[in-house]
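Structure incoming, see below.
When the chains are written out, they are named A, B, C and D in that same order, and each has its own residue count from 1.
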Amino acid sequence: MSKPRVAIFDFACCEGCQLQIVNIEEEIIDLVGAVDVVEWREAMSEQSHEYDIAIIEGSITRPEDEHRVQIIRTRAKILIALGACATIGGVNKMKNNFDLNEVKRCVYGQDAGMPHLATTTTRAVHEVVDVDYKIHGCPIEGEEFKRIIRDLLLGKTPFVPNYPVCVECKERENVCRYEYNEICLGPIIRAGCGAPCPTAQWRCFGCRGLVDNPNVDAAQEVMEQYNLTLDDLKQKMVLFNSK
Amino acid sequence: MCECCVSNEKDIYLPQPATITKRRMLNGTELFLHLELDGGKELEYMPGQFVEVSLAGIGEAPISISSSPTQKGLELVIRNVGTLTRAIHKLQVGDKLGVRGPYGSTYPVEQAKGKDLVFICGGIGLVPQRSFIRYVLDHRDSYGKVTVLIGTKCFEMRLFREELAMWEERRDMRVMETIDEAHDCWSGNVGVVTTLIPKIEKDLPGSLVSICGPPVMYKFVLMALAEVDVPQDSTFVNLERKMKCGVGKCGHCQINQYYVCQEGPVFRYSDLAHVPEAI
Amino acid sequence: MSKNININVHHVTRIEGHGNIVVNVTDGTIEKCQWQVPEAPRFFEAMVRGRRYDDIQTIVSRICGICSISHSLVATRAVEDALKLEVSEQTDRVRHLLHFSELLQSHVLHVGYLVAPDLFGEKSVVPLIPKATDAVKTIIKAHRVANQMSAILGGRITHPVTLRPGGMTRLPTEEQLRAIKSELEAIVPDLVTICEVVLSVADQLPNFTRETEYVSLTQTHPRYMESLNAYSFYHGDITSTDCNGDGPVPPSRWERVANEYVSPQSTAKWTKWHRDSYAACALARFNNQAEKISPLGKKVAGMFGLEKGCCNPYMNSVAQLAECAHVVETSLEFIDTLLSKGIEPETVNVTPRAGRGHAAIEAPRGILFHSYEFDKNGECVWGNCCIPTNQNHANIQHDFEKLVPEFMDEGEDALRQKMEMLVRSYDPCVSCSTHYLDIEFIK
Amino acid sequence: MSVSTVSKDQFKQFVEALIRSDQRVVGVQQRNDRFVFDDLATADALRLDYDVTILSPRKYILPQKEPLLQFAAGESYTPVHEGAPMVLLGVHPYDMASINQMDQLFSQDEYDSHYMNRRQHITVIACDVVTPSENVFAASMGTATVEKGYDMLLTDIGDAYVVQAATDKGKALTNLMPQARPASEADLDKCRAVQEQNQQKLNQHVLECKPSYLPKLLEKNYEHPVWEEKARLCYSCGSCNQVCPTCYCFDVQDEVNWDLKSGTRYRAWDGCLLEDFATVAGDHNFRKNRSDRFRHRLYRKGKYVPGKIDGQIACVGCGRCITACTSNIANPVDVYNQLMKRTDIG
């Protein structure tokens, strides 16, 4: 069987998730042994329209990007959204909390009208085209990336946790941030990252998006138990989980 | 790794390699496999039990044994529903699978001797029941009347068609089939499996009734049986639950005090009737 | 000799972000020669408004995944400047180490994975794997060690989670520091090997010079004036090769240095200081502080004949190699200092206050500025960042304008290759550079 | 059983000697403002005066992720039995009780050689509680002290420890304690006093019935408003499962290497509070509601597992779930007492 052809594309993002692919270090050699990477602008000069698996990094923020991702969808058998910008819109969606013209004016001043600065509401990839698999995180977790790619090569549906970050946070023997009356998004955010943020004694910022069935109804009452408010929680949700 | 005191106990998680000797699609989603354990070994099992089927790298799943211990080899029917089952569907004759078991409780083959038997099967529920039915047919003289009710969602999904045709030919058993949705090529009963129950109403109270089907089916069948006063202790059900180990450790299949993989999957209904979550 | 040239590189590869090269030469006359930046703008400076002071570095870290640590560090420091927070010497050193880990990672990545294929005549590092397996593995190893260092100090490799205004959320343990130390010591010979490999193909670096202005930090922090860290990546004021006697500029006045303006060629803003354009890069740092680089750094520069005053932009990769050596040596010194004092637990207490703050840092690819203003509740009302790649766009354009006529005669392919290599040598981080702010904020 | 006394200084030397021996030594240590079991580097780091550890010693006995088998192409499997000698130092009585339960569960019926092999390589040095934790209720559960399971038991009697070596492994360790002297009657009195005190003291939450009554209590209360009242706030985060010393449910997964043929089948902790714990193919979830899962945990502790291990209640009163639950609903005593309140006892 010939090796599957993989192409990696980036849209509006920091390209940190692509960097995590590089950061699998020695195993990059195994990766390029298992698949043919036919396009990856950040790392190589080849370009190709022939691929089986398209990996999309970044959010869709401009009309021309919408068009581009649609073309990629028609060419790819499997389309994977890579990282928070692609899976949930990520920090880019914070922009949606403001009036678009006002945002442009804020950043570009009197030049805001220049045509190449056009921008639309930020969307995650699945809000524009069908996405087969999502690799969550800002940035993605190298171990999870490797496992998901190997599972896909094997024809296995990759396991993606549908339980909250608290599971992994406890596994790492952290003291819950709430015990210090601090907010943490862990109880409603999808695990898989290994809880690096609470482990660094900070809150979960929510970069992997909500679990399928978060108990948002509980939030208000639980916040009150810690002298926090729902508004405090919403303030924190905005970072990665704006609408 | 230390070997000094790895006990002589067998490793309960270790699959034995088996080879596919026959394979055939029974319908669009169900694959029939005949397996032989490598090294000429025979698995010692009884009707109702299941095995954990394994593909290295993909995973494991509990699968009921569909053959009868009166025959050689091991027969399974696998519905393509997910990762492992999809991968198994791709296998060909000569390919290998891992098998561990048999596990779980068995149908009451001894207790049923001399009794009239009624089998109520919904869809893939025929698969484990077939083991019991074939066992009975191979010991035909030891049992009373045999009635098999089979309900299938649609005409195309019917399982074991040739075998059913052979059973229908037999004088020493009664087979009644129904499909949920009418079909041009089908002249038999139409309707869910409970619609067959009134037809054998008078036989039911004295029979040993064995039920297997999708979770929703049990409630309705059991209600119908209650109406004709079938005693709960002569009714047997075959339950499905999530299972990871098959040997009563992992906790997934627990319903109340029972581990389905150990006390089940075949239960006497009277043991479950007052157990919440069971049916 | 070709009279007509038509180069249209839509998205230069092996750089971070999107940039285009367009050249039209008709009958020997240059009609168009442009460096374009079409990257999708992301509006960070608008998005930080309304966010609390301790969320800023988490947000702006996402400006760039390659230099997320620099962004987080400079933002944290700008916030500290606004809130008038002082950090301990211990925190300062730990943050330095975190910064060094990114410099090392980014430089190794750039030279090893992105530039080396050009020198070996390959399209990417992939074909080099079978050809030069050992060399590739050595590069990977150095990269991995740098990343492990980031993971320990920053909580993970990219987008660190240990920085918060006023201190660190978590300090490394002494055991972790000792582990980093032994890994760093082990890669010193590897760095020399990497330099030798690059040296063997260094003749592929084009011979091209253009005198320009080089802008970087210069050390002014009293604690570090005499140490290895006198070659500054972190503290200090802004200086340039054009500053003749007019002393360095404090970070609070970086807007006077950058003088940003909008170019129709680009979604990123361009900058100029004393002349039409300037460069901010490893070569700029080297040109401003060469005499202060560490002994091994000096040795590496010497191997390649890199000297202060070098105006060949392709030599930036060599300056990066010299800095790798410097960063490893300085890190070892810092770890020894930290270990000799022992890690002391710290607590961070912050009372929000209104104010505006600024900071400058040397990101791997050049000087980086951030400024923020907060209201009395500690909510951000204004922000402004100026990224090194921004500061290089105009300089790249001017390099192109000198390069094209000089090498036009070599033909389209050779010219295209040189232009792409030139862009790459700046190690541009284009996605960063589209996140600038306008100075006026209309509320 | 041999009972002796060592001074605290001498005990320190014993720990140093243990660390120098070729066994792995894991002991209780401070991490920030809490305590954890971790590899012990020096005797000074050991804190036998701790209140409670964040995770129980289960993490060494049934690790969070443990290889079961290695496989290669062609369905060929090799069992992996991990079990390097290890000393667990500072196990509290309630945790010891939980280990005793797991020992029974993993050895009875189908013998789990992976668990048992690892377990047999572990020497447990238990110690009586010195500082009660804020949520402990071991006294209510009858686990404030423990009689069996440990190889050695230490009781802090002020300036010395009373050391009971209960097994051959424990007795062998006393060789590293050359200065130990036979415990005097006075030492033994002090030791008994500590234990008797703990049977009163370790009771921050008071269960209003005998633990042995719980199976019966639960039998009557499958339908009860408390399940929904509490579970309304449940995040299904499984923290209560993760920290519990008696939770042992696991998931099994395969991980392949880059050759896509060889790899490892491992088991990893799972939790019955997690949404997909009982979900089968076709997305059918046998415990779909939060309250179903919330109830399941308390039934498992109070009725189901006891049914398998001669009535021992599978909650040892460590109080960890009470601390861990963000929503403050996981307290078993609180739930059981509420059932008591609204049930006609008869």
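One rule holds for everything that comes next: contacts are C-beta pairs under 8 Å (C-beta built on N, C-alpha and C of every residue); 3 or more make two chains touch, one makes a residue touch a chain.
This structure is a prediction, so every number in the text was calculated from the model and none was measured.
Chemist: Pick out whichever of the two, A-D or A-B, is joined by more C-beta pairs in contact.
Modeler: Greater number of contacting C-beta pairs: A-D.
Chemist: Could you please state the distance in Å, as a whole number, between where the Cα atoms of chain A are centred and where those of chain B are centred?
Modeler: For chain A versus chain B, the centre distance works out to 43 Å.
Chemist: Based only on mean CA positions, could you tell me how far chain C sits from chain D in angstrom?
Modeler: Computed from C-alpha means, the inter-chain centre distance equals 50 Å.
Chemist: Can you check how far apart chain A and chain D are, centre to centre, with Cα atoms defining each centre and the answer in Å?
Modeler: 37
Chemist: I'd like to verify one number: the distance from the centre of chain A to the centre of chain C, where each centre is the average of its C-alpha atoms, in whole angstrom.
Modeler: Here the centre of chain C sits 25 Å away from the centre of chain A.
Chemist: What are the residue numbers in chain A that touch two or more other chains?
Modeler: 154, 201
Chemist: Please set out, as single numbers or ranges, the residues of chain D touching at least two other chains.
Modeler: Touching at least two other chains: 253, 256, 260.
Chemist: Note the residues in chain C that touch 2 or more other chains, in rising order.
Modeler: none
Chemist: Show me, using the given definition of touch, all chain pairs that touch one another.
Modeler: Listed by label, chains in contact pair as A-B, A-C, A-D, B-D.
Chemist: Any idea which chain D residues touch chain A in the complex?
Modeler: It is residues 31-34, 36, 54-55, 64, 232-239, 242-243, 253, 255-258, 260, 269, 271, 274-276, 290, 323-324, 326-328 of chain D that touch chain A.
Chemist: In the complex of these two chains, what residues of chain C are touching chain A?
Modeler: 11, 13-18, 38, 40-47, 49, 51-52, 55, 58-59, 62-66, 68, 109, 113-114, 117, 123-126, 129, 136-137, 140-141, 143-144, 147, 155-159, 161-162, 164, 169-170, 262, 264, 266-267, 431-432, 436-442
Chemist: Given the complex with chain C, which residues does chain A contribute to the contact?
Modeler: 11-20, 22-23, 25-26, 28-29, 32, 37, 40-47, 58, 61-62, 65, 90-92, 94-95, 97-98, 102-109, 111, 114, 116-117, 119, 138-139, 142, 196-197, 199-202, 205, 235-236, 238-239
Chemist: If we count contacts the way the header does, which residues on chain D are in touch with chain B in the complex?
Modeler: Those in contact with chain B are residues 68-69, 71-77, 79-84, 105-106, 109-114, 116-117, 120-121, 222, 248-254, 256, 260-261, 263, 265, 267, 270, 272, 277-282, 284, 286-287, 292, 296, 299-300, 303-304, 307-308.
Chemist: Any idea which chain B residues touch chain D in the complex?
Modeler: Residue positions touching the partner: 1-3, 5-7, 9-15, 17-18, 54-60, 81-82, 85, 96-98, 215, 240-242, 244-245, 247-252, 254-257, 262, 276-277.
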